[in-house]
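First subunit A sits with subunit B, and in the next complex the same chain sits with subunit C.
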Partner chain A sequence: MLKGHQSWVFRNKPVIVSTAAVVGPFEGRGPLAEDFDIIHGDSFIGQDSWEKAERTLLEEASTIAIERAGITKEQVQFHIGGDLLNQIMSSSYASRTLTIPYIGVFGACSTSMESLALASYLIDTGGAKHVLAATCSHNSSAEKQFRYPTEYGSQKPPTAQYTATGSGAAVVAGSGSGPVVVAATIGRVVDMGIKDPFNMGAAMAPAAVDTITAHFRDLQVGPDHYDMIVTGDLAKVGHDIASELFDKHNIPMHKTRFRDCGMMLYDYDKQMVQAGGSGCACSAVVTYGHLIRKLRKGELKRILVVATGSLHSPLAIQQGESIPGIAHAVAIEAVPESPVEGG
Partner chain B sequence: MLKGHQSWVFRNKPVIVSTAAVVGPFEGRGPLAEDFDIIHGDSFIGQDSWEKAERTLLEEASTIAIERAGITKEQVQFHIGGDLLNQIMSSSYASRTLTIPYIGVFGACSTSMESLALASYLIDTGGAKHVLAATCSHNSSAEKQFRYPTEYGSQKPPTAQYTATGSGAAVVAGSGSGPVVVAATIGRVVDMGIKDPFNMGAAMAPAAVDTITAHFRDLQVGPDHYDMIVTGDLAKVGHDIASELFDKHNIPMHKTRFRDCGMMLYDYDKQMVQAGGSGCACSAVVTYGHLIRKLRKGELKRILVVATGSLHSPLAIQQGESIPGIAHAVAIEAVPESPVEGG
Partner chain C sequence: MVSKKTIKKLTPTQREYQRLALDRMPKRPVAANSLKAFLCGGLICVVGQGIQQMLIHWAGMTERQAADPTVAILIIASVVLTSLGVYDKLGQWAGAGSAVPVTGFANSMASTAIEHRSEGLVLGVGGNMFKLAGPVIVFGTVAAFIIAIIRFIFTQGG
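Right, the complex of A and B next:
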């Protein structure tokens, strides 16, 4: 149900009964490798194009999550998902394989939490028994679509981000064992005039701050409420901007608890990812691979995942537009014991 | 709440308190001209690109619908919408102007009913007080993105469809005056192997039949239940295929009550639209301009709008893929008196 202006609280505590995270070779050499279900050795994943490889990642993650939930795909009422490719091609074609009624969504890299928020909403209100939320991205298909031909091997500025190759999927249900989704905040489109497609962090940071601030206001909680508040893919540049904005607004974010998936997925010292990771898969594989594991083990109790999306369209940039950002936040708890509403 | 496998029934009868339909010059010369709020005389709508024109149409329709609902945009909790352009650019940039928390969705031309279904769901379950559902398309921006450069003036086969220029928007609320949304069925992705981007009707027809059949099964109703069952944009070719499929499955669709927005929007004898209209705007302007008016006047009592989407991505076609289709259905009634569940 609605809480405040743009948030939902889930009184029936939808359960994330299973998740899966599948990644490419580069992500498999990062610090979270042990948390992934499949690490592919080749970025083509046995396909003849990167786009088909991306779709295969999504099909794999979805299939593993559904199997792990102990159900068949026929028992899943809705598949909610999207990706970065034009016409969310990977999700639509994967859904053709899954044959689950399909709600296509798009919020660029915020799609991971947009889909989890909607899935949790449907479960909470009796609109489904099982919902699959899944997203994916592929470094090479994104590079050729959004920036330069991959073969061109263009050099990148330090503000650029590395689109993650992978897919994360979750099955949400009304009952079962697993972390529970307790609230979600849907973000507004925020545009601070950034026109550089090699600086997505700066484009997304104000949106992240806007959504987190709205979440605090709507739920009447503060940063202390969470063990970890983790943005999707602001990476180093965007994370620094967001931290400064919180300081400016006198919102005391804990330096050690305010994290970013784009800074967690790769090893800065060894992997050349400029400012950090990005892509629909970035927050999806870190959340569904790494963070959910920590929640299951009790190493984290309560987190807020704020997936950030740069609504970058090459055509808009060619027409002189700036890049708007958006962020959607989902609050997940290890055990369904403490009410979120502070009262 | 869930009904059957892939449908929702809305017990609290969300009200479509206002709608708006804005179109381009060509649509203004069609038979539904009197039902539109604005008919633009120029397809650039005072902008310097067709993409910006498309966004302007969406901003106009949204603004009119919100004003007509007697509220301010600050009173709208969520804007749900999408369009055909890569990265649903028109919707995202319009949402930047609207500054309403934004749920971007994509189902190609089925987006109109995907967004109305979700908006109605949120209202029915207390997730919002007012939701804006809005979609748009523009003939020239779609042509250049999906087919050939507009300047090329390519000839078209008779199976081709004409993407509508326009935007339709609706405000859904928990109470108020207007037609009510009583049920929705979310469709699956269906692919019958069509590879011709100039024959969308054939690609979408099986999806329309799949969703309508699922709707009948889930709600335990038949074609007789509705005054009109109207598909989004199958146009002549797709409508004929769908009619044949229903005959084959022994589902007795009424010839006069089974209609298609793509065949209603233009004047076949005078306007060169090949098989008929298409685009996110097609079902949106026919529904929000024409059909809602008929429901308000009592000329229609109960309709099922089945927006059809061809999940066509040029890149997928270039890689030898066929074009999957999808369809989402929304049942709308003139007065909130008769339960849909037949019991």
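Right, the complex of A and C next:
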């Protein structure tokens, strides 16, 4: 149900009964490798194009999540998902394989939490018994569409971000064991006039701050309500700016652990990712692989995941437009008595 | 990045934010990048010179005759390095040093050709091969045309 201006509080506590995270080789060399279900050794994933590889990642993550929930795909009423490619190609083509009634959404890198929020809403209101929320991205297909050919020798500035290769999927259900989704805040589009597509962190940081502030206002809670508040993919540059904006608005973020998925996925010392990770898969694999595991183990009690998205189109950027940012927040709580099984 | 002119068009909040964002932006290491570009670009030129000297000494070519095969060898080397996935890593390190020489031009064509192979030979490779190299050719030709006219005027006058 609606709370405040733009938040939902889920009274029936939709349960994330299972999650899956599949990643590429580069992510597998990062610090979170142990939390992933499949680490591929080859970025082509045995396919003949980057686009097919990305789609395969999504199919794998979805299949694992459904299997792990102990159900068949026929028992899943809806598949909500999206990705970065034109016409949300990967999700739509993967859904052709999955044959689950499909709602395609686009929120750029914020798609992970956008789809999870919508899935939770459907479950909460009795609109479905099981919903699959899944998203994916691939470094090479994103480079190809948004930047330069993968083998082109261009120099990236230190503000650039590395699009993660991977896919994260979650099955949300009305009952079962697992962490529960308690609330969600849908963000508005915030554009502060940043025009540099190699500085997405700065473009998205105001949106993240806007959504987090709105979440606190709507739910009448403070940062200390959460063990951890984790943004999607602001990376180093965006995270610094967001922290500064919170200080400016007198929001005591120091009372919680304020982290960023784009800074958790890679090892800055060993991996060349400039400012950090990005892409739909970044927040998806960190949340569904790493954070959900921590919630299940009881290492975290209550977290707020704020997936951030840079909604720019390469065409609009060439026409001199700036980058609109967005962020969607989902609050997830651990249920202490739930037995620990799977991931 | 953000010029002073664009900052004027923004709302006060946007303007304030842009200042903050500019302030928080890690700076490009310009001095180190320039040095790397000089070293790498220079090295590529030395290699080119070396190839030319070898052609002159061992293949019995004149300096003029050796020029074209030298460029061809550098282009082939660049295409091979691009195909092996080395040139893009070199590009991140060297910047302009690997982009400006003829090898960078070859890399821009080879990388787009490889990238768009999945869309077919005609529309994929053929249609995209000049995506990055095209502007260089277009504006190179335009610039050459203008310079040629200037030269023509001056040589006619003198």
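What we mean here is this: the second predicted complex is superposed on the first by the 333 of 343 C-alpha atoms of A that agree within 3 Å, B and C clash if a C-alpha of one lies under 4 Å from a C-alpha of the other, contacts with A are read in each partner's own complex, and residues count from 1 in each chain.
The criterion applied here is as follows: contacts are C-beta pairs under 8 Å (C-beta built on N, C-alpha and C of every residue); 3 or more make two chains touch, one makes a residue touch a chain.
Remember, it's a predicted structure, so these values are computed and weren't measured experimentally.
Asks: Counting residues of subunit A in contact, which comes out ahead: subunit B or subunit C?
Replies: Of the two chains, more subunit A residues are contacted by B.
Asks: Does the superposition put A:Glu151 against subunit B (first), subunit C (second), both, or neither?
Replies: After superposition on chain A, A:Glu151 lies in contact with subunit C alone.
Asks: Pick one for A:Gly104: touches subunit B only (first), subunit C only (second), both, or neither.
Replies: first
Asks: Who does A:Pro324 touch here: subunit B (first), subunit C (second), both, or neither?
Replies: Touch status of A:Pro324: first partner only.
Asks: A:Ser49 contacts which: subunit B (first), subunit C (second), both, neither?
Replies: In the superposition, A:Ser49 contacts both subunit B and subunit C.
Asks: Determine, under the contact definition given at the top, whether A:Tyr93 touches first (subunit B), second (subunit C), both, or neither.
Replies: first
Asks: After superposition on the shared chain, which partner residues are touched by A:Glu67: those of subunit B (first), subunit C (second), both, or neither?
Replies: In the superposed model, A:Glu67 contacts neither subunit B nor subunit C.
Asks: Jot down the residues of subunit A that show up as touching in both complexes, subunit B in one and subunit C in the other.
Replies: Touching subunit B and subunit C on subunit A: residues 49, 51.
Asks: Can you list the residues on subunit A that touch subunit C in the complex?
Replies: 48-51, 144, 148-159, 192-196, 199, 202, 205-206, 236-237, 240-241, 244-245, 272, 275
Asks: Within the complex, which stretch of subunit B touches subunit A?
Replies: Contacts found on subunit B: 1-2, 5-6, 8, 49, 51-52, 77-78, 82, 85-89, 92-93, 95-96, 99-108, 114, 118, 121-122, 125-129, 145, 186-191, 214, 311-316, 319, 321, 324, 326.
Asks: Taking the complex as given, what residues does subunit C use to touch subunit A?
Replies: These residues of subunit C touch subunit A: 1-2, 6, 10, 13-14, 17-18, 20-21, 24-28, 33, 82-83, 85, 87-92, 94-96, 98-99, 104, 107-108, 110-112, 114-116, 118, 132.
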